[in-house]
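Handing you this structure, nothing more for now.
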Amino acid sequence: MSRKSKRSLKEKFSLKNSLVKEALSEFLGTFILIALGCGCVGQAVLSRGEHGGPMTVSVGFAMAVTIAVYVSGGVSGGHINPAVSLAMCVTGRLKWTKLPIYILAQLLGAFIGAAAVFGIYYNAFMEYSDGKLEVTGPNATAQIFATYPAPYLSLINGFADQVMSTAVLLLAIFAIFDTKNNSVPKGLEPIAIGLLIIVLTCSLGMNSGCAMNPARDLGPRLFTAIAGWGMEVFTAGNNWWWIPIVAPLLGGVLGAMIYIIFIEIHHSDTQSGEENEVHTKYELTNMA
Amino acid sequence: MSRKSKRSLKEKFSLKNSLVKEALSEFLGTFILIALGCGCVGQAVLSRGEHGGPMTVSVGFAMAVTIAVYVSGGVSGGHINPAVSLAMCVTGRLKWTKLPIYILAQLLGAFIGAAAVFGIYYNAFMEYSDGKLEVTGPNATAQIFATYPAPYLSLINGFADQVMSTAVLLLAIFAIFDTKNNSVPKGLEPIAIGLLIIVLTCSLGMNSGCAMNPARDLGPRLFTAIAGWGMEVFTAGNNWWWIPIVAPLLGGVLGAMIYIIFIEIHHSDTQSGEENEVHTKYELTNMA
Amino acid sequence: MSRKSKRSLKEKFSLKNSLVKEALSEFLGTFILIALGCGCVGQAVLSRGEHGGPMTVSVGFAMAVTIAVYVSGGVSGGHINPAVSLAMCVTGRLKWTKLPIYILAQLLGAFIGAAAVFGIYYNAFMEYSDGKLEVTGPNATAQIFATYPAPYLSLINGFADQVMSTAVLLLAIFAIFDTKNNSVPKGLEPIAIGLLIIVLTCSLGMNSGCAMNPARDLGPRLFTAIAGWGMEVFTAGNNWWWIPIVAPLLGGVLGAMIYIIFIEIHHSDTQSGEENEVHTKYELTNMA
Amino acid sequence: MSRKSKRSLKEKFSLKNSLVKEALSEFLGTFILIALGCGCVGQAVLSRGEHGGPMTVSVGFAMAVTIAVYVSGGVSGGHINPAVSLAMCVTGRLKWTKLPIYILAQLLGAFIGAAAVFGIYYNAFMEYSDGKLEVTGPNATAQIFATYPAPYLSLINGFADQVMSTAVLLLAIFAIFDTKNNSVPKGLEPIAIGLLIIVLTCSLGMNSGCAMNPARDLGPRLFTAIAGWGMEVFTAGNNWWWIPIVAPLLGGVLGAMIYIIFIEIHHSDTQSGEENEVHTKYELTNMA
């Protein structure tokens, strides 16, 4: 397409309304997150470990987050997670009026992302269990999409698990973006967030798969309910489904608060990130 | 060699024609990609899993892409993939007249890269299957070079798989280089592309090995046809060979279009990357 | 919370005393380190290898260090390790009067971090060994928290192991922050330190788990002594407990000294990092 | 130590002779490389795979290179490899008179590094094979230190393997540092080199362990000859020992030449890296 026709396309279709732009961005970002992230779980499960395992799932899902944040970071902040958006509202970093639209776009993106995983691996799903789509048992495949608790896990322990892991997620995200702390250089934050997801899934992933994201969990769960796994996706694990929705929202706000109380509130107003840097470097290298 | 003799060498041999330079660059980049990338698959297959597995292949192939882009990025853009070059043409980022040369150089580089893998592991190939070079069965080695579908995969599902994975590849590449989005700092894009390849191979690699690149697939396949595996490399998998050629070309353009429609076209003209950055940082850190 | 109420909160609670700020920062950083780091060991042990192994523990623990340094780096230097703080004091990079407070905050953070791991995996601990918390034997879980020597290891070899690994740790940290060497760009040091931890745990982790950090070892050990594993956590391994305290303190100072003697002391005073860079680049690229 | 006493120490001991500084730097860098790199192989072998495998060895060795280059990069260029130093001489980037000193320092560092691995794992070596230090057979441990060919490998194929892998190593290093190409930002080159080592060991590591470095191979081999493995370390593998010395020296020069001929010689003289960047960015983002 020529540069001229492109320009006229731009005139016709480019959006003036920034909220609509941001919704498109969150939708696309969350789609990428689920299509690639749940794709990693799918590859490990459907190949019965031959083409994947704990390491490919942990690193793969983390890099799915990284790519999703690169895609959506500049336009909408790359939240791709209602728990992040809520924490941003509570701490005054996002307007409350935008919250419902962000969450809706995220849920929709996650739902469509789950459909993409099912479509791309349709033949593999049919082969895996002779066409039966099961939520529990040795041929279960529902855990490719949404999270389910380990057999030993009580609801209260599972709730605490999701509160804590999402709290650490938000606490670290606030540190990564805090320019008065040792923040990550502009344009590399998505990679730092990916490294954060690696450690979270390696350390807090065993209880219930470490959802930490209501859209990442509910969107694909809704898809499986419709696509053939049935309502058992909601009843399984002692009605587990609501925990990866409520606990991350709580935990995210908690983590943001902890970061502000322990670190951010004490930054001196006059001390810019620049000065802080000089000071730190001085302490570390020049006092010798 | 002295600095003087070097300079005169430069006067004699340095190329004035930028298209020839770019062809050399794409040739060398794609050679590196295949020599190292297919080398990773070779090491895992020929050692029967002792010196490699899903993780070394995924991470190794990804870092092969990273290195190949470092080698060829500055001169020719580091496409090393006809699907990337085509998407660049369609979106006006590369002149159409350059396309055939780029593709030819990529194919040639991939062919020679495959020959290098065969040469370096010649003793290992002979040891592995008593000198028989097989396309299918337990001692198959053709999949070290080109991709073949899993037994369960239908042609239509395989086609969709290659369209989608290449679409995500190009969509993410466009995001990584979009200076009005949260783009990767100059000189680190090849590493971000490597991380992208990690997640793509961990999530969409099970159906058919995730070629996403006509040169990466056809070049080595042609080599195996000639080097002793025979014409079965084309007939295997229900004549699979044309899918990793046609589907990625389509998918790449599709992914580029999706990125433009969802994100790029809505960037306001006056809003520079610089301003955008300030705005984002403000929202994230100063509104509190 | 509105921007106004936030500001008044800041007025009420923000700390003027920089040592208290730094203590909070070290506490939070070390908490993150242990909660996530020991969480990785917990996931690998409690799942009996199903959800983790050497690679997830090595990479996960390393990324826990990275995140902990991002959280605490800007305010307190991100030591999260008494051996680092001591080496900084000995080399004149931290005031001696701050040392006891730093160490206390680190120990406390590690203790609470261990409690968090126990809490989050409480159901898993109970399931793993029918409620018995054992220090040795096939169902041992104490090694999730503190380090214990391999059966073959003598005390003297173990002591040397901890001296050497902490010496390399500090030597490399000094290189990473030395602006007259090829130092890591500002804001990316925590990632370089994470990569350093990966290689240290992959190469020197077999003898005793590579603690290299008195707080990381003693804090969780104290927690296990109280939480039900009993005093055997101190007597096990021929009273091993004091080695990961004394040896790292010694090794850290040794490593810092080696770096200063081999590299830092020879930097010419007039040669700034800037000039050095130009010089290096010249040698590498322009003399050709 | 006070700042004043430090300064006087500096006056007494700081070296004026830059070649001595550089030798110290190469010695320390190569020591780190071998102590940590061969330590990774040691951990995987001595634990019989329980604490390591192909992935920890590949990633661990690569990060050992990264750390070694951070330690020695600013002072001596961080060659830590005679094949790199030779290629730098041949292409006019290092004075020929410095070459023997560089190589000697590298050899010595590698020798002492091997001794450190033996010392730290002394108890483990004794436990592993009841005190017998064997070069071949199921309890062999010599391959922890130097490289040995796979049983199937002919000398000629092994020679080609080492020529090619070192050629790719140098070719990529030249690209990473070429400021007129898409070079890695200052201070991050050691990480890019680490990623390069990951792919080289994952793809070309099966034939003979991918030494690519005469000092890395000969230094530890000499140590094992003396420390108890005996002269079999030289005769094993059909007198393999000289191949990882001669072939990398040749391959390194070859790779550097290929990069210069294919890429560097064609950079236009007036086109600075800066302009090149603008041009590339324009092609990639503004022509649309």
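Should a chain be cited, it is by its letter among A, B, C and D, assigned in written order, with residues numbered from 1 in that chain.
Quick note on the criterion: a residue touches a chain if its C-beta (ideal position, glycine included) is under 8 Å from a C-beta of that chain, and two chains touch if they have at least 3 such contacts.
Keep in mind it's a predicted model, so treat the numbers as computed, not measured.
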{"item": "Degree value of the rotation bringing chain B onto chain D, based on Cα positions, nearest 5", "value": "90"}
{"item": "Most distant chain from chain B, judged by the mean position of its C-alpha atoms", "value": "C"}
{"item": "Cα-centroid distance, chain A relative to chain B, in whole angstrom", "value": "27"}
{"item": "Distance from the mean Cα position of chain C to that of chain B, given in whole angstrom", "value": "38"}
{"item": "Multi-chain contact sites of chain D, meaning residues that touch two or more partners", "value": "3, 6, 55, 59, 91-92, 178, 180, 185, 188, 287-288"}
{"item": "In the complex with chain B, residue positions of chain D that touch it", "value": "54-55, 58-59, 90-92, 150, 152-154, 157, 160-161, 164, 168, 171-172, 175-176, 178, 180-185, 188, 192, 195-196, 198-200, 202-207, 258-259, 261-263, 265-266, 276-277, 280-281, 283-285, 287-288"}
{"item": "Chain D-touching residues of chain B, taken from the complex the two chains share", "value": "1-3, 6, 9-10, 13-15, 21, 24-25, 27-28, 32, 35-40, 42-43, 46-47, 50-53, 55-57, 59-61, 63-64, 66-67, 69-75, 77-78, 88, 91-94, 116, 119-124, 126-127, 177-179, 185-191, 194, 260, 264"}
